[in-house]
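In order of appearance the chains are A, B and C, and numbering begins at 1 in each one.
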């Protein structure tokens, strides 16, 4: 095949450098306050537990997502698109809200144990490693399903038509079309979930059942807040970053690129295989929907009575959160697109770009916030930059997700239409306007939705920077729970979930519409 | 000429308070500042007397407050820090950032308390809160709790002040037997949450029979919700105190105002707000006395380690706790 | 005048040399066994495959440093000649202005080109709604609009039936004849070469030979061509 000279593009390189500085700068600043650092046995135990729970969470989420995504890809039924969208919702839940939703179903006085007790069966406890895994799968299965479903949709309908015309049975389709796609998609999906779970904190602590379930992120918390040992916090954050880097190295070694070639955007309805597979697909969709939607329903039921008690301050906080989310999402998507396009075109230094795009995923939010605070505070009052810093951090933290979502399609665009664009002299803005953006509208919309929702639900650095009167919605929810107002808090949390889901749905719908 | 005008204009935008009233900045925990906390009423009461602008800055929860003070160091804009508790004051004093407050101090504390740097503004007893209808006979002490099959939720001492308080409670009550007590409690603990609100939320959802909170928690349900069903279990080994204190930062540029605020802390205007906003006991009993329910659960015996003793004990106590619960 | 001056292409064990020239307005077929490097030769001229040595010149100027879009040529690939998310008219418009801000005159030129290739009324269709022949016509219409002095065809009509292909080749001849463009067309079908091309470049055994007059070449096929044509291909 023909190859070209690698384009030298300064824009993406500068962006990546800024990003790296944003992630590494705070870490270095925190580390500069350091004393000595040694890993104590508890730290190793934390590393072991972190690795175990994160790997299991990723494996289970991805493993369960495959049959669900396949079923959704090859079956058509009324309400399918709505179900796909709704099933994405758990990923957008703030951790504690999700935990309370799960407890309503699987908790000590939850629906499941009530049923078990009624049937005279022993009740089960959700607390422990299995509870952590349950919650992580609940939160991340939606993401895994969406990523894999996108993989399925990236196989042009023409290839399925070809397969059908060659008389391929389900197993041949799996071998020639689906398995190569899965090989390309699964490692990345697993990695993203692994890293999300790596830094999971509230879920692990609340459902873990005790100090045996201690993660590296909690050790960082302890270092900052209990021991006030910033050097230790920075080193632990580096350990966490290292774990992520090793995992990323392994995964990128595993992942293969597949070329299915381009289709003509024909929407062909390919009938899925019949027989028992029909039933299996139906069962997979039903089980996933129940697992994801029942706790979600519990969140709604808990919140509705509280809606009436929600004080006015919640609405101003909500407005602030929405604005922050929109700006963050726009910035995240722009940066992700520029980086993904440069990596897809194998621009000079694309390895560096890739690292910069994925690295923020493994950053400890606490260390990032603390470091930024140390950097900002001598120059300007942290209070006065609370919202810009929040936007910046949300952008950095959401970037890896959006980048990974956009990258495969960016690569497809370059692979399928790179030569055509080049031969027509399409570059700069016209290339973005007429080729990249229309081709990427779907993942861009989805990515913007994820970024907006993550930003809305994120408590992150705002606690360090915000004062009394510029809190975002999650902060106000936390203040309500801190003041015994659990019901109002549940109402505000429902509002939070509604807004986050609404923004997500709008972006996702916009993307799908634009690509149609 | 133009540039001077511009500079003057910029200066008025950048420093609007310069020509106006002096600003007193008080660093505190989030729930103090929130609409439901004491913050708004305290601010109104103080500003009525001080001809100043009182600004509260929330800095996360109580445990995050000290970290914030240490992060900001001498360059802090804050003049007063409000909301540390006595398990943190030794570390706070060691920073050298605080100046003596010179106030007479609190009168309504159940123990003698005298600290030149830190002035108590409210306090409470840690206690396990339960639902009377579901638990008619609560345990009378940690040993009975450990022997029962009751389920409890507690907070992690590494990330929360009540969690740390419980650690010191067991240590103060049982000394060398603390590890044994924790071993007994291990199978009662449903889970350990990052903070107070998560634990209390789990309790209200029915995930546990008891939750580590304060003896004043039932009063909230009584006064705010008209629910008399919650109670605090009184333990015969005594209850550990949480004493919340404020301190003046030595680097303040509003020394006189800061002193005025420190004096205000123990005055009626501040103290009368505390019970029904912070749901803690006031450090000086207000003229109107205590609200209903605040006398319902008064332990006979109070436990409190000195700040230095608490500081010295906490690392070993944490290790004991981890070892007992990690199994 | 296209001039390949001791051009050497190499990649992963593949090697091809070319050292010849072709006159403007000439229609040249590029034939040879599969994998010999026909497409690579076109890619090198189009700017997608930098030669390891030698130079590609147009009218004496080295065009090696130019980006593909800036070269004096249009290319039709085997597939993906149209963006599926854009209408036929937009796809054509890109040939005039990459930012698609067409003036009134330019829009009229697009319409004229659509009509010229027999697609009148289909300007608002998307490529997915076109037949293979119609898609080929649309791509040709864009080349017509671009009016570059060279047209490179990398088997764009391979998937079409014989009648349709003949029709398309006639259209190519017409379009190229209008602008006096040099056409280089890769094909694996000697019949195409004979019907369409005045000269043939034989690519085989690592060499893209200089163009030879079509009739002459098929009358006296060199050994490499004979091997390629096989017994059934004998004339």
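Here is the rule we use: contacts are C-beta pairs under 8 Å (C-beta built on N, C-alpha and C of every residue); 3 or more make two chains touch, one makes a residue touch a chain.
Quick caveat, the model's predicted, so the values are computed rather than measured.
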Item checked: Identity of the chain that, by mean CA position, is farthest from chain C -> B
Next item on the list: Considering only C-beta pairs in contact, identify the chain pair with the most of them.
Entry: A-B
Item checked: Gap in Å, rounded to a whole number, between the CA centres of chain C and chain B -> 80
Item checked: Distance between chain centroids, defined by C-alpha means - chain A, chain C (Å) -> 46
Next item on the list: List the centre-to-centre spacing of chain A and chain B in whole Å, with centres computed as mean CA coordinates.
Entry: 36
Notebook entry, point to check: Considering the complex alone, what residue numbers of chain A touch chain C?
Noted result: 1-5, 261-266, 416-417, 419-420, 422-427, 429-431, 433-435, 438-439, 515
Checklist line | Residues on chain A engaged by chain B in the complex (per definition of touch) | finding: 42, 45, 96, 100, 103-104, 107-109, 125, 127, 201-202, 205-212, 218, 221-222, 224-226, 228, 311, 313, 370, 373-374, 377-378, 381, 383, 463-464, 466-468, 471, 475-476, 478-486, 489
Note to self: List the residues on chain B that touch chain A in their complex, please.
What the structure shows: 30-31, 33-37, 39, 55-61, 63-64, 66-68, 70-72, 75, 77, 91, 151, 156-159, 164, 186, 189-198, 200-202, 204-208, 217, 220-221, 224, 279, 318, 321-322, 325-327
Check: Mind pulling up the chain C residues that touch chain A in the complex?
Finding: 11, 40, 43-44, 46-50, 67-70, 74-75, 77, 79-81, 83-86, 90, 94-95, 97-100, 126-128, 142
